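The letters A, B and C name the chains in turn, as written, and every chain counts its residues from 1.
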C-alpha cells in the first residue's frame, strides 16, 4: 500500500475502523460461550498482530539501516517500535479485560500468547533506556538497530518456547481450525485487522512527520542562534534529517 | 581462527591471574542457595522447584561474568588493539562467547555438586542435566556476549546489561526448566519432553549465534 | 561487513594512492557538537605532519579517524590509498597508533602484551622482533614485568613498542614524548624518527620542535576549525603560538 498523499490515509483509517466497529456491534454474532465480551477479540487480536508485525517491520528497517548506514531508516525503525509499544499497552489492557471477564483474573499465566506478548513487550521496553544510555547519535542509531534485529529474531523464538510450555486452555476463537470461526466473525475480524493496520501506518506517518518538522525547527533555531546551541527535544529519539518526508 | 585462539588465551590467562570472575560467581551461587534454603524454607527440593532454583542461580551468576567480560577491552584499549589489527572482529565475539561458556562450565562444576549436596535426595538426574546445562551455557554465553558488547559502550552498563538480558533469556529458562524438571523429579529422573526442550535450546543457540555473527561488526565500530 | 565493496575502480584512487593521507572537508561531530570542521589536507608518503592546537581542538579525534577507529561524520578521508570508513579493512595492520592510552593489558607482562599484538598481526618470528624493540626502547630487562607495575615513562615506551611492532607504513603519534625524561626522549626519538617509506602524523604540544621536525603542519583552533594547513616552513612559531593560545 502506498498512499502518496498523507491526507488520504487518516480518512481511510477512520472509515475502515468505523466500519469495523459497526460490524462488531451490528453484524458479528454473539459468541455462544462467552457472549458479548468475546467482541473485545476484534480489538485485542488485531492490535496484537499489528504490534508484532510492527516489531518485525522495525527489524527489517534496522537491517536496511545497518547495511546502508542511512540514518533515516533508524528513524523509521524507532518510530515503528514506538508505535508498536503504544499498541502493545493497548493489547495488554484489552487482554486483561478479556481475561477478567472470562476467568475472573486480570492476568492468566497459562495463556501462552498473552505471556509471550508480555515478554516481548518487556523486551521492547528496554529499547528506550538503551537509547538513552548511549550519547553519541551515530552509535546510538547503530546499537538501536542491532537491538531491533536481535529482538526481531527473539519474537518467534519466544512464541515457540512459551507455546510449548503451556497446555492450550485459551478460549481459542480460532480453536481447532479456521472452520471454527463462522464467516460473519471472519469478515468482521478481517475488517478490524485492516483498520488496525491502517491505524498503525497512520500513526507512524504522523510521528515521522512530527519528527522531521521538529528537526527542521531545530536546524532553523541553530541557524538563528549560532552553531553551538543544543537542539531542543528528546535525547533518545533519533533526529530526522529532513530525509524522512512521509512518502 | 588464530585471532580467536589468541584472544581466548589472553582472556583465560588474565582470569587465571586475577581470579576476577569465576570465584565471585561461585561464591554468589553458594550464597544464593543458602538464601533459597531459608526463602523457600525447604531443606530438600525436587521437580520444578529444584530446576527453578538451580537455573535462576546460574542465570544470575552469569550476569556477574557478562557484566565484566568486556570491561578490560573497554578500559584498557582491547577494542582498539583488535580493530587496528588485520583480523575479523567476529573473532573477538567468538572468543568472548567461548570465555563466558568456559566460566559457566567451571561455575557449574562447583555449583551443581553443591546444589545436589544441599538439596537433592538423589544424584541420578545429574548426568542428563549436564547436557541441558551445556546447552544453557552456550545460549547464555552467546546472548551474554552480544548484550555485553551493547552495554559496554553505554553509560549505565551495569544497568543496561541485565535489563536487556533477562527478557531475552526467558525462552532459555522455559526450555531448560522444562527439560530439567522431570530429571530432578522426586521419584527419579524421567525424560518427559526432553528431546523437545533440547531442540528448543539448540534452536535458540543457533539463532542467536547467527544474529551475533551478523551484527557484531556494527558493535565494534566507534 | 563491507568486505568487497571497494573492488569497483574509483576515479580518484590513482591520486589518493600517491598521498599517504588525503582529507577533504573532514568533519566529525560528537552528538550535536562539531569537534572537527572542514579539515582538508594532503600528506605524501614519507612525509611528517605535525598537528598543533589548544586542548579540545580535535587533535586526538583527527588521529583516531586516521587510525580507522572513528568514522568521519562527513567529508572524504583516504589513508594509504583506502577510502575510510569503507576501505578500513584494507589498511588495518599497516597503521601504527600511539594513543593517550597505552592500549596494553594491565595484568599481562610487556612481552605477553607484545606477543598478543604480534599474533593478531601475524608477525613472523615475533620473539626476535619483540626482543629487538624492547632492547631499542631500553626495556630489555622489563619484558617480564606486569604492565600495571610500570612507571608512566616505561609505559609510554612499551606502548611505542606496541605501535611499531608490525613495522607500520603510517605512524600516528599522540604526544609521543609525554611522560618521558630527557634520556628516554632521546631513545624514543630514534625509534620514532623519520625513516624511508614511513609517513608520520604527530600530535604535539611542543610548537617549535613540532614545526621544526615536520614537512607539513596543521594548526587547529579550539572550535575544531583549521587555522593553518600547509608547509611547515610557511608557519612562524610565533604565529603558531598565537593560534594555540587562542589569539588567532
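General observations
The criterion applied here is as follows: a residue touches a chain if its C-beta (ideal position, glycine included) is under 8 Å from a C-beta of that chain, and two chains touch if they have at least 3 such contacts.
Predicted model, so just to flag it, every value in this text is computed and none were measured.
Taken as a contact graph, the chains are fully connected, with every chain touching every other chain.
Central chain assignment: B. Criterion: smallest distance from chain C-alpha mean to the mean of all protein C-alpha atoms. When you average the Cα atoms of each chain and compare centres, the chain farthest from subunit A turns out to be C. More inter-chain C-beta contacts link the pair A-B than the other of A-C and A-B. Annotation: 39 Å between the Cα-based centres of subunit B and subunit C. Per-chain Cα centroids separate subunit A from subunit C by 48 Å.
Subunit B has its Cα centroid 32 Å from the Cα centroid of subunit A. Looking at subunit A, residues 66, 135 sit in touch with two or more other chains.
Chain contacts: subunit C has residues 1, 71 touching two or more partner chains. Within subunit B, contacts with two or more other chains are made by residues 218, 221-222. Contacts from subunit C toward subunit A in the complex involve residues 1, 29-34, 71, 73. The residues of subunit C lying in touch with subunit B in their complex are 1, 64, 67-71, 85, 89, 92-93, 95, 97, 99, 101-108, 112, 116-117, 119-122, 166. In the complex of the two chains, the subunit B residues touching subunit C come out as 2-3, 6-7, 10, 13-14, 17-18, 72, 76-78, 80-87, 217-218, 221-222.
Across the complex, subunit B is touched by residues 66, 119-120, 122-123, 126, 129-130, 133-135, 139, 142-143, 145-147, 149-151, 153-154, 157-158, 160-162, 164-165 of subunit A. By the touch criterion given at the top, residues 146, 150-151, 153-157, 159-160, 163-164, 167-168, 170-171, 174-175, 178, 196-197, 200, 203-204, 207-208, 211, 214-215, 218-219, 221-222 of subunit B touch subunit A in their complex.
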